[in-house]
Amino acid sequence: MSVHDSSLTSTRQNGEVSMSTTPETEKVPVFRTRDLAVYYGDFRAVRDVNVDINGQEITAFIGPSGCGKSTVLRCFDRMNDLIVGARVEGKVEYHGIDLYDKDVDAVEVRRRVGMVFQKPNPFPKSIYDNLAFGPRLNGVKKKGELDAIVESSLKRAALWDEVKDRLKASAMGLSGGQQQRLCIARCIAVEPDVILMDEPCSALDPIATARIEDLMQEIKRDFTIIIVTHNMQQAARVSDRTAFFTTEVNPESDRRTGVLVEFDFTEKIFSNPGDERTEAYVTGRFG
Amino acid sequence: MSLTTPDRFGAQSANEVTVRLTSSSRDVKGRAVEWTLLSTLLISLLILVALIVNLVDRAWPILSGRLGDFLSSGIDASSAADAGVWQAIRGTLILSVIVAVVAFPLGIACAVYLEEYAGKSKVAGLIRINVRNLAGVPSIVYGILGLTIFVKFAGGLTGGRTVISGGLALSVLVLPVVIITASEALRAVPRSIREGALGVGATQWETVRSHVLPSAAPGILTGTVLALSRAAGEAAPILLVGAVTGLLRTGNQSLWTQITDGGFTSMPVAIFSYARQTGADFQAVTGAASLILLILVILINGLAIWLRNRFERSW
Amino acid sequence: MAHATGQWQTTDLKLSSDRRRSDTRMRWLFTAAALTTLVVTLLIIFILFRDAWSYFVEVPKADLWTLGWFPRRGYFDVKTLVVGTLMVTGIAMLIAVPLGLGVAIYLSEFARPRVRKFLKPIIEILAGIPSVVLGYFAISFINPNIITALVGGANKAFNIAAAGVAVGILTVPIIASVTEDALRAVPLSLREASYGLGARRVPTVFRVVLPASISGVVAALILGISRAIGETMVVAIAAGAVGGGLFSTDPFKPGQTMTAAMAALGFGSDQVAGDGLAFQSLFFIGFLLFVFTLLLNLLGDRLVRRVREEY
C-alpha cells in the first residue's frame, strides 16, 4: 500500500530529484505511525495509517473531504485530545518516542509541534504580544530577549518589514495573509521542530497563498512541515512527499471511514501513481 | 386528465394576486392584531410611569422639604419625622461589597470550570442543572439557609446577626446568576483563540488566564453588575438573617465593630419596615425610600447595559 | 533543534514542573468552586427537610386541616396557605401572561430594529424593580385606585387581588424574555416558507412561528408560575393577614400565602424565638415551597432545552 523507506532521502534541485542513501544506522523519522486509527465515540474516522515523516521535508496530505487528513494531522500534536470522545489507536512515534505515552506531556508536545490553522487565528492583542506569548510561557522574561525573538520570528516568517513599525498595533488589523504569516511566526517563536499546517491557505487570496508557499520552501530547512491541503496543485508545487487519503463506505453503517491509499514522493504520486484511486483523484476524475 | 391549467383558473389567480398586492394597506385584521400587541408594550410602559409618578407624588413632602435630612437620618420606624435612610444606604453598600467579594470570584471560577474544564461530562451537566434550579429557588429559602448556617452554625465567625451574615446569604442567592452570565460570556469566546494558544504549547490554565478570561471580561462584568443590582433589591433573606427594622443605634462604634458585631439594615429592609407603618406621614417616607432604591437599581442596570454596549465585540 | 544526534527520551517531552503543578492546582480550584454549588443545594435540602420532618412528625395531624393558619396558636391549616398562593398566582398570571406574551411577540415579530432598541429597555427596567417597591406600589396605588375602585367590597388596606396584580407585574419580564428567546429560535426559513405561500405576517406568527416555539412558550409560563409562587415581599407587604389568616377563597379580602406565612414566621408578626412547633412550621412550608418550585423549574428547564435542541 504505501512505499516509504526511511533510509532514503530526496533532494530537489533545479527540478530534478536525486536520491541518496544514508547508512543503516540512521535517522529516525520525525514521525512514524503504525496502524493509526482515530475514533470519535464508536465511529472510526480514519484507519490503518502508516506513514513516516522525514525531517526537513514538506509532506502533503491530500484527498477528498472527510477522508481524515486533518484528523491524522491533529494526532501529531495531540490536538485530538481536546475533542471529547476522540480516541487514538495504533502508534504514533515522534523521534522514536511513543507520543501517547503516559509520561509525555501534551503541552510540551505542542510547543515542539506547532500548528497553523485554516482560518488565521491571531490573538486579539498586539502583534508583539502575539509573538511573545509562547516565549513568555517558557520563561523568557527580559525585554531584550523577547524583542530579539519577536524580530527573528517575524523575519523568518517574512513579515518583519511590513509590521516592524507597528508592533504594538492590534494583530486583528492585519490582512488575512499577514495574519496567517503572523500565526506562522507565532509558532516559530517557540522554536518547534515541526510545523503542522491545516489547509493554511484556503481562506486566503492567490497572492497571499503564493507568499506562504514561498515561505514554506524557505523555512523547511529548519522545520519539518506537514501540510493538509485540498488544492492538489499546491501539493504538487510545494511538497516533497505526498500522502493520498480517500474514504471508504462501511457497508454496515453506511458511514465513511478515511484510509491512506498511497504515500510516496510527490513526483511519483502526480506523474505515475501506483494505485488507481490515486490516479483518479490527481487526474481530476473524481474529487 | 390534462395537466394544463384551465384559463379560468389563470384569470382567477391573477385576480386574487392583484387584490392581495393592492389591498395590503387595508389588512384591517392584521393591523388590529399588531396594535393590540403593541398595546401590551404600552401598558407595560404605563405601569412603569404610574409607578414612578406615584412614588414621586407620595415622596414629594420629603423630596421638597427635608431631603437632606432624610438622607442623613437613621432608620426609625416609630417617628416619621425622624425617619431616614442613611444607615440603609450604607448597609446596602456594605452588602454589595461583600457580595462582590464573595460571589463574583466563586461564581466566575465555577463558570470557568463548567466551560473550560468540564465540557460535556455528566458532572458538568449535573452542576448546570443544579445551578439553573438554584436560580429559581425563592429568595426566602436563601434566608433560611443564611439564618441556619451563617447566623446560628457559624455565628462565631460571622458575629451572628451581622451584615456579614447578610452579605453571605445574599452571595449565595446571586451565585447562580453570576455563574449563568459568566458561562455565557465564556462560551462566546471563539474556539479558535483557545486552539491558537494551546497550539503553541500553553497549558489550559495559561490559555484561560491569558486569553479566554480577558476576552470574556466585558460579558462577565456586565453579568456581575446585573447580579449586584439583583442583590441590592432583595429583602427577604436579609430580614431572616436579622436586619433591623425598627431603630438602629450605632453610637460611637467604629466601622469595623459595626460590621462585625452590630446590627445592620438595608434599603429594601427599610422600605419594608416603613411600608408596614400605618399613619399617613409614613407614606412620604416609604415613597421617598422606594424612589431612592428604584433610582439606584436603574442606575446600576444602566451601567451594566452601557458596559455591554461599550465593549460589545463582534467576532 | 534540540537533538541533532542521539536518541530522544520520553523525559524530553515532559513539561516544566512549575507550569504543570500550577495548571493542576488551578484545575482543582475551579473544580472545588463548582462543587460548592452542589453543596449549597444539599445544604438547603438538608436544612429544610430536617426541621420539616421533625415538625411533621410532631404536629397533631388534626391541626393541619383546620379553620386557618395561626401558627402561634397552634392552627396549621396548610390549605389556607396553598389556596392563598394559588389565588395570588392565578391573578398574577392573568396579568402577566397576556402582557408578557404580547410584549414578546411584538418585540420579536413586529417591531423594527430601531423601535425594538427603544422598547426593550422598558422590560429590562421592569425586571429590575425591587419587589419591596412593587409591594408598596400595591398598597399605595393598585389597591386604592384599581381594586377598590372596581370592586366595592374589597378591603381598602390589604387584599390578595392587589398583591396578585403586583406579582403579575413582576412576572411579566420573565415570561417576556423566555418567550422572546423561544420565538427568535425559530429559524427564518420557516417564516420565509410561510410568506412564500402568500401568508401575511399575523397568520404567519400565529399559525407558524408560535406553534413552532410552543415548548418554549410553555416553559416561559411554567417559569413564570414558579416565580409568582416564590414571591415573598410583595405579599408580605400587600396581602395583609397580619397575625395569621382564616381559610378564605375571596381574593378581595386579606389573605395568607405560603411565602407570606414564612415571612411572618421569620421576621413578621408570627416571629417566635426558639425551636418550638411554630418556628419549625417555617421549615415545613419552606420545604413544600422548595419542592414545588424545584419541580416547576426542572420541567421548565427541560422544555427550554428542548427548544434549543430542536433548532
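The letters A, B and C name the chains in turn, as written, and every chain counts its residues from 1.
Methods note: contacts are C-beta pairs under 8 Å (C-beta built on N, C-alpha and C of every residue); 3 or more make two chains touch, one makes a residue touch a chain.
Computed from a predicted structure; not experimentally measured.
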{"item": "Required minimum of steps from chain A to chain B, each step between chains that touch", "value": "1"}
{"item": "B-C or A-C, whichever has more C-beta pairs in contact", "value": "B-C"}
{"item": "Central chain (by mean CA position)", "value": "B"}
{"item": "Chain A and chain B: spacing of chain centres that average the CA atoms, whole Å", "value": "49"}
{"item": "Interchain centroid distance [CA atoms averaged], chain B/chain C, Å", "value": "13"}
{"item": "Approximate Å spacing (C-alpha centroids) for the pair chain A, chain C", "value": "53"}
{"item": "Chain A: positions in contact with at least two other chains", "value": "107-109, 112, 137-138"}
{"item": "For chain C, residues that touch 2 or more chains besides their own", "value": "15, 19-20, 23"}
{"item": "Sequence positions of chain B contacting 2 or more other chains", "value": "203, 206"}
{"item": "Of chain A, residues touching chain B in the complex", "value": "77, 79, 82, 84, 107-112, 114-115, 117, 119, 121-124, 133-134, 137-138, 183, 186-187, 189-190"}
{"item": "Chain C contact footprint on chain B (complex, rising order)", "value": "20, 24, 27, 29-30, 33-34, 36-41, 43-45, 47-48, 50-51, 54-55, 58, 106, 109-110, 112-114, 116-118, 126-127, 129-134, 136-141, 143-145, 147-149, 172, 175-176, 179, 203-206, 208, 229-230, 232-236, 239-240, 245, 268, 271-272, 275-276, 283, 286-287, 290, 293-294, 297-298, 301, 305"}
{"item": "Interfacial residue positions of chain B with respect to chain A in the complex", "value": "119-121, 190, 192-193, 195-203, 206, 210-211, 215, 313"}
{"item": "Contact footprint of chain A on chain C as seen in their complex", "value": "1-3, 7-16, 19-20, 23"}
{"item": "Chain C contact footprint on chain A (complex, rising order)", "value": "28, 94-99, 101, 103-105, 107-109, 112, 137-139, 193, 222"}
